[in-house]
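Okay, so chain A shows up in both of these, paired with chain B first and chain C after.
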Partner chain A sequence: MVVEIGGFAVADWVTLAPTLVLVAASLLVFLIDTVEPRPGSSSNAVLAAVTTVGSLLAFLVAGYLLVVGVGQERVTGPVSMFNGQLVVDGMSLFFVVIVGSVTALVALASYDYLAGEAYQAEYYALVLLAATGMSLMASANSLATAFVCLELSSLPSYALVAFYKDNRGSVEASLKYFLVGALSSSVLVYGISLVYAASGRLQFGAVAEQLGARPEFAGVLGVGVVMVLLGFAFKTASVPFHFWAPEAYEGAPAPVSAFLSSASKAAGFVLAFRLFLTAFPEVGGLAGGDPAVDWVVAVQVLAVVTMFVGNFAAATQEKVKRMLAYSSVGHAGYVLIGLAAISAPDSGFVLGASMMHLLVYGFMNTGAFLFVALAEQWGIGRTFQDFNGLSTQAPLACAAMTVFLFSLAGLPIGGGFISKLYLLAATAKAGTWLLGAALIVNSALSLYYYSRVVKAMWFEEPDGTVEIESYPTSLYAAVVIAAVATVVLLPAFGLLSPSAFNAASGLF
Partner chain B sequence: MAIAGPVEALMAVALVGAFVVFLAPDDSAGRIATLVSLVPVAGSLWMYAVFDGSGNGLLGGDLAFESSAAWIALGRYEVAWHVGLDGISLPLLLLTTVLTTLALVSSWTPIDERQSQFYGLVLLMEASLIGVFTALDFFVWLVFWEFVLIPMYFLIGVWGGPRRKYAAIKFFVYTNVATLVMFVGFMALVFGLGDSVSSFDLPAIAQALRTPGELGTFFGIDPGTLRLVAFTLMFAGFAVKVPVFPLHTWLPDAHVEAPTPVSVLLAGVLLKMGTYALLRFNFTMLQETAIANAGVIVAFGVVSVIYGALLALAQQDLKRIVAYSSISSMGYVILGLVAFTPYGFGGATFQMIAHGLISGLLFMVVGVIYNETHTRMVGDISGMADRMPWTVGVFVAAAFGYMGLPLMAGFAGEYLIFQGAFASTVIPAAPLVTGVAMFGIVIVAGYLLWAMQRTLFGEYRLATDYDVSRAPVHDVVPLVVLLALVVALGVQPRLVYDMIQDAVNPLLHGGVLPWW
Partner chain C sequence: MSNPWIAIGALALVAVVIPVSMLTMSRLLRPSVPEQGKRAVYESGEVPTGDTRIRFNIQYYMVALLFVVFDIETVLIFPWTVIYRDAVANVGLARVLLPMLAFIGVLVVALAWAWRNGAVRWVRSPRTTAQRVDRKS
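For the complex of A and B:
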C-alpha cells in the first residue's frame, strides 16, 4: 500500500513513524547500556537525552503527520495496514502526540530524579517500551492487537512502579498494580473471547458488521461488552478497577506516576473510544434501533461514580501525591463523559472535548506530579503541611504548581478551563443533565482540595527548617515547560481543537 | 473593525505591569504599581472624553472602541475575541481603573510584607476586570469573569486577617460553583437557539433571544420552560456575586478578612460584576421571563435590602457594618432592574457606580482608622474626631453619602431607583414594595449614625495600645479624591447618567423587537 505524506508517496507503514521512533530509541538505550554499562557514569545523561529526544521526535513527527492530514478525511482517510490490524488516523496521531509529549517531559525530569540510581538504562528502556505500547494502543484496530498492545504497555509499567526495589512502598505498589492488572486483563481477554464468540471476528469494523446479523448471540455479546468495558476501566483508572491507582502512583517514583497517570490513561481511553465506537456502535444503539446492551448508560453510571469516588477520596487525603492520584481517578470520570454523553448527531463535539481534556491533562497532571518529584528531591515530606511556605524558597516552581492545580480545577489560567467547560457544554448539549450536575459538584470539590496545596505553598508560614539547597535543572525545566504549555493551551486551544474534533468525527 | 484597540492596550498595560511588579523589589513595588495603574486611568478618561457609542451594545447599538478577532471554534460555534464599550460598560470601566489606582495608593501603609506579589496581583485583577466589563463574547467574558477569582483568592488568603484561609476558600468555591451553574444555564439557551446563532457573540445571542420564535425546543423542554430554567440558573449564579440573600454568606467573611484595599475593590468593583451580568444577561436577554417572575425577583431584592441592613445594625465591627450594608445597597440595584422602567434601569446602573465609589470610600476610611488604631470594633474606639480631623471629616461625609444625602452620588442613584420602581407596572404592588425597600434607608441611617456617634465623637478613648496620630498624606489623598468624585456625581449625575440612559433605553423600546 502506498500513501502520500505531504506530497511524497511512501509505504503505508511509514505513517507508524512515531511509534517506530520510540522503538528505535529504546533499542538505542539498550545499545548504549551494552557499550557502557557502569552505573552512575556520564552515560546517564546520554540515556536521558536519547529518551527525551526520541519521545520528542515521536511527538513532533506525530504532530507533523496530524498537521499534513495523514489518515484524515481531508487527505486519504484512515490508513489501514496489516489486514486492518492497525490503523493510523487523526485519532491515533492525536494520542501519540499526547503520549510523546508526556514521555518527553517525564524523561527530562527523570535525569535529575534518578541521579545516583542504578539500572538507569533499564528504566529509560522500560519507559520507551511502555510508550511504544501506548502509541500502538492508539492505532490498534482489532481485539487481538488491542490486547497485545495493552500488555506491551502494562508489563513495563509494573516494573517501573517497582523501580525502587529496596523500597517497601514501591514494591508493594507494584504488586498491587500487577495483581489488579492481571485480574482486569483476564476479565478483558474473557470479554474479548465472548465478543469473538458472538461475532466470529476480531477486527473492530468486522465485529460491528457481524453483530447485527446474529441476534441470537445477544446475551453472550452483552456479557462480553460489559467485561471489555470493565477491562478498560483498569487502564484508565476508572471505577471499578481504580483502586490500584492511588497505591501505584504513591509508591512509584514520581516521574513514573506522572507517566502512568497521564500517558497510560490517555492510551487506555483512545483504545476504548475506538473499540466502542467502531465495533459496538449498534450494540449501544448509536446507529439507531434498540440497543442490545446499552453500554452508553453503563458508561454514564461509571462516569458519575468515578467522578465522585475520585474527588471525594481526593478531598480526604493528607498526602499530596495521593491526592493527585485520586484526582487522576476523578479526571478519568470527566473524560468518560466523552463516551457517556455521546449521541448520534454532532457526537464529534463531546468526544473531541474529552480528547482535548486528555491533551491538556497530559501537561497539567504530568507537571503536578513532576512538582511532587521535585519536592521528593528536596526531601520536604509528602503531606500538605510539609509544603507550608514553600513559595518563599521556590517561588518559580510554586507558581508553576499553582498553574497546574488551578488548571486541573478548571480555572482560566490554563487549557484545563476550556476543556472542562467543553465537557460541561457537551453534557448540556446531549441533555444528560445528571452528568452535568455531577461535573459541577465534583469540580467545586476539586477546587477545594487543589487549593489546599496552593494554600500550603503560599498562605502558610514555613514551619520547618528545611532549606532547599539544590535546584535540579532538568526537573525544573520539565516543570516549567509543562507550566508554560498549560498556560499557552488556553489562548492556543483553538489551534489544536479542530484536529481533535475532526479526529473524533472520523470515528463515526 | 480593528483587531486591537485601546481596550486591549489598557489590559496589556495592566498585565505587563503586573509581571514587572512581580519582579520588582518590595520597597518600590507599591510606587511602580501605582504609576503603572495611572495609564489605564488616563486611558479610560480619554475614552470617556472621546466616547462616541450610542444605544445598547447588545441590542445593535453603536459600540465604541470595538475590536474583534477570531479565536477558537467550539464545535460549530465560533468564539471570537470581541470587545467594545457602550454607555453601560464605560462608566464601570472608569470605576475599575480609578478605584484600582486609589486602592493601590491606600495599600502603601497597611501592606508591609510580600509587597511585589500584592501589587502585582492587584494589577492582574485590574486587567481581568477590564476584560469583564468590555468583553462581548460569552467565552472571552467568562475567561475574565473566572480569572478575577484567582488574584482575589490570593489577596484574601495571603494578606488577610486571622481567618483569611477560611474566607479565601469559601469565596473561591462559592463563586466558582456559581459560575458553573450559570454556564450550564447559558449553554442550554445557546443550544436551544439551534441554528439561529453560530457563535458566542453576546449581541447576536441577545438579539436572537429577543426575537420571538427563535428559541426552540431543547430535549423536550419547551421554550418557555427553557427560558425559566436558564433564567433561574443564571440568576442563581450571578446572585452569588451580587450577593443576593440567601447566597450572601461568603461576603462578610471575605470582607472582614480581606485587607482593606482589597475590600475596596471587592465592594467597589467585584460586586458590580454580579449586577452587571444580571443586567446584561437576565434582564437583557430574557425579559419576558424576568417580567413574568418579577414578583419573586423583587422579593429577593427587597429582602436583601432589609435583611442586609438589619444584619449591619447588629454588627460591632466597622468593616462588617459596611460589608453587610453592601448587601442592602445591592438589593436596591435588583429593585431598579426588575422595575423595567427607564429610571429603574438607569438608576440601577448609576447605583452600581455610586455604590462602588461610596462603599469603596467607607472601606478606605475604616482602613485608615484601623491603620492608626489597629482595631475596628465600635466599642474600642471613641472620639477619633480630635485626633484625625481629616479622616473623620471624610468618614462623616461618606456615611451621609451612604444614607443618601442629596448632592452626593448615592442620592441620585437611589432616588432614580425609587422613582423607577414606584412607577413600575411590572412589580406587583409597586408603590408598596418600593416603600418597604425605602425603609432600608432608615436602618442604614440608624447603624451609621450609631457607629459614628460611638467611634468618632465624644471623649477620646482607645482600647488598643497605639499612639494615634494624623494619617499620612498618601492615606488621605485617595479619600479626598473619592469624596470629590462622589460629590461630583451627586451634583451632576449627567456626567455618566446620560450615556447610561442612552444605553438602557433600548432595553425598553426599539430593541430588536419590542415584544409588547
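For the complex of A and C:
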C-alpha cells in the first residue's frame, strides 16, 4: 500500500511514524541502560533528553501529518493497514499530538524530580512504553488490537505508580490500581467476547456491518456493550471504576500522576470514541430509528454521575493532590459529553468539542500536577494550608498554577474556557439540557475548590517554616511551558478546532 | 427422531453415578485406620519441612517471564518459517525477512537489557545457604 505525504509516495506504515518514534526512543533507553546497568550509573540527563526528544519528535511528526492532511478526507482518507487492525486518521493523529505533548512535558519535569534516584532508566523506559501503548490505542481499529494496546499502556503504568518501591503509600496505591485494573480488564475482555458472540467479528467496521440496526442477539450484545463501556471507564477514571484514581495519583510520583491523569485518560477516550462510533452506531440508534442497545443513555448517565461524584468529592478534600485527582474524575465527566450528546444533528462539532477539551486539559492538568511535583521537591506539605503564602517565595510557579486552576475551572484565562463553552454549546445542540445543567453547576462548584488553592498561595500569610532552597530548572521549564500553552490556547483555539472537528466528523 | 439431548443427559448421569457409587461402596467396605502419615502434606514422598507459605526466589519469576517471551517468539516464528519460501517467491525477500528481523531485534534488545541487569544471574538465597551449612554440621 502506498500513501502520499506532502507530495512523496511512501509505504502506508510510515503514517505510524509517531508511534515508531516512541518505540525507537524506548529501545534507545534500554540500550543505554544495557551499557551502564548498575542502578543510578547512567546519566539522568541523557535518559531524560532521549525521552523528551523522542516524545517531542512524536508530537511534531503527528502534528505535521495532521497539518498535511494524512488520513483525512481531503487528502488520502483513513489509512487502514494490517487488514484493518490499525487505522491512521485525523482522530488518531490528534490524540497522538496530545499524548506526545504530555509525555514530553512529563519527561522534562522528571529530570529534576528523579535526580539522585536509582532505576532512572527503568522509569523513562516505562514512560515511553506506556506512551507507545497510548498512541497505538488511538489507532486501534479492532477489539483484539484495542485490548492489547490497552494492556500495553496499563502494565507500565502499574509499575510506574510503584516507582518508590520502599514507600508504603506508593506500593499500596499501585496494588489498588493493579487490582482495579485487573478487574476492569476482565470485565472489558468479557464484554469483548460477548460482542464477538453477537457479531462474529472483531474489526470495528465489520462489527457494525454484521450487526446492522436489528441485531439477532440484542440481549447478549447489550450486556457486552455495557461491559465494554465499564472497561473504558477504568482507563478514563470515570464512575464506576474511578476509585483507583485518587489513591494512585496520590501515591505515585507526581510526574507519573500528571502522565496518567492526562495522557492515559485521553487515550482511553479516543478508543471509546472510535469503538462506539464505528462499531455500534446503528445499534445505538445514531442512524435514526429505535436503538436496539441504547448505549447513548448509558453514557449520559455515566457522564452526569461522573461529573457530580468527581466535583463533590474534590470539594471535600484536604490534600491538594487528592483534590486534583477528583477534579480529573470530574473532567472525565465533561469529556464524556462528547459521546453522551452524540445524537445531535452536528455530531462532528460535539465530538470535536470533547477532543479540544482533552487537548487543553492535557496542558492545564499536566501543569497542575507538575506544580505539585515542584512542591514535593521543595518538601512542603500536601494540604491546602501548606501552600500558604507560597507566592512570596515562588511567584512565577504560583502564577502558572493560578492559570492552570482557573483554566480548569473554566475562567477565560486559558483554553479551558472555550473548550467548556463548546461542550455547553454541544449539549444545547443535542437538546440534552440535563447534561448542560450538570456542566454549569459543576463548573461553578469547581471554582470553589480551585480558588482555595489560589487563596492559600496568594492571600494567606506564610507561616515562615518553609524555606525554598533550590529552583529546579527543568521542572520550572515544564510548568512554564504548560502555562504558556494553556494561555496561548485561548486565542489559538480557533486555529486548532477546525482540525478537531474535521477529525471528529471523519468517524461518521 | 428422538431428542439427541436425551442421550447426552443419560451419558452425564452415568458419568456421575459410576464414580459416586464406587466411592460409596469402598467407603462401606473398607476398614478405617486413621494414622499420622496419612494426614501429612504430600511432598513427593519426602518428609515435608516447614509450611507451604514460603517466599520463593525471585529468579523463578524472572526465568518464567523470559520463557514466556521466547515461547511467544517461537509461536510467531514457526508459521513464518513454514511459509517463508512461498512468501519470498511472491513478495520478495525484503518484505518477508525485514519485519521478522525487526521483531527479533526488539526481543534481542530486551534480552540484552535483562541479561545485563542480572535477570539470568543465579543468585543464592541466604536461606538455602544457611540450610546447607546446617546439614554439614
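The rule is short, and it goes like this: the second predicted complex is superposed on the first by the 499 of 508 C-alpha atoms of A that agree within 3 Å, B and C clash if a C-alpha of one lies under 4 Å from a C-alpha of the other, contacts with A are read in each partner's own complex, and residues count from 1 in each chain.
Quick note on the criterion: a residue touches a chain if its C-beta (ideal position, glycine included) is under 8 Å from a C-beta of that chain, and two chains touch if they have at least 3 such contacts.
Everything quoted here is computed from the prediction, not taken from an experiment.
In the overlay built on the shared chain, the residue A:31 is in contact with chain C alone; chain B does not reach it. Of the two partner chains placed by superposition, only chain B is touched by A:498; chain C is not. In the superposition on chain A, contact is made by A:447 with chain B only, not with chain C.
When chain B and chain C are set side by side, the one touching more residues of chain A is B. After overlaying the two complexes on the shared chain, residue contacts for A:411 are found with chain B alone; chain C is out of touch. In the superposed pair of complexes, A:424 makes contact with chain B only, with no contact to chain C.
Once the two complexes are overlaid on chain A, none of the chain A residues touched by chain B in the first is touched by chain C in the second.
If you check the complex, the residues on chain B that touch chain A are 71-76, 79, 139, 142-144, 146-147, 149-150, 153-154, 157-158, 164-165, 168-169, 172-173, 176-177, 180-181, 183-184, 187-188, 191, 218-219. On the side of chain C, the complex with chain A involves touching residues 106, 109-110, 112-113, 116-118. Chain A meets chain C in the complex at residues 23, 27, 30-31, 33-35, 37.
On the side of chain A, the complex with chain B involves touching residues 346, 348-349, 352, 406, 409, 411-413, 417-418, 421-422, 424-425, 427-429, 431, 436, 439-440, 443-444, 447-448, 451, 454-455, 458-459, 490-491, 493-494, 497-498, 501.
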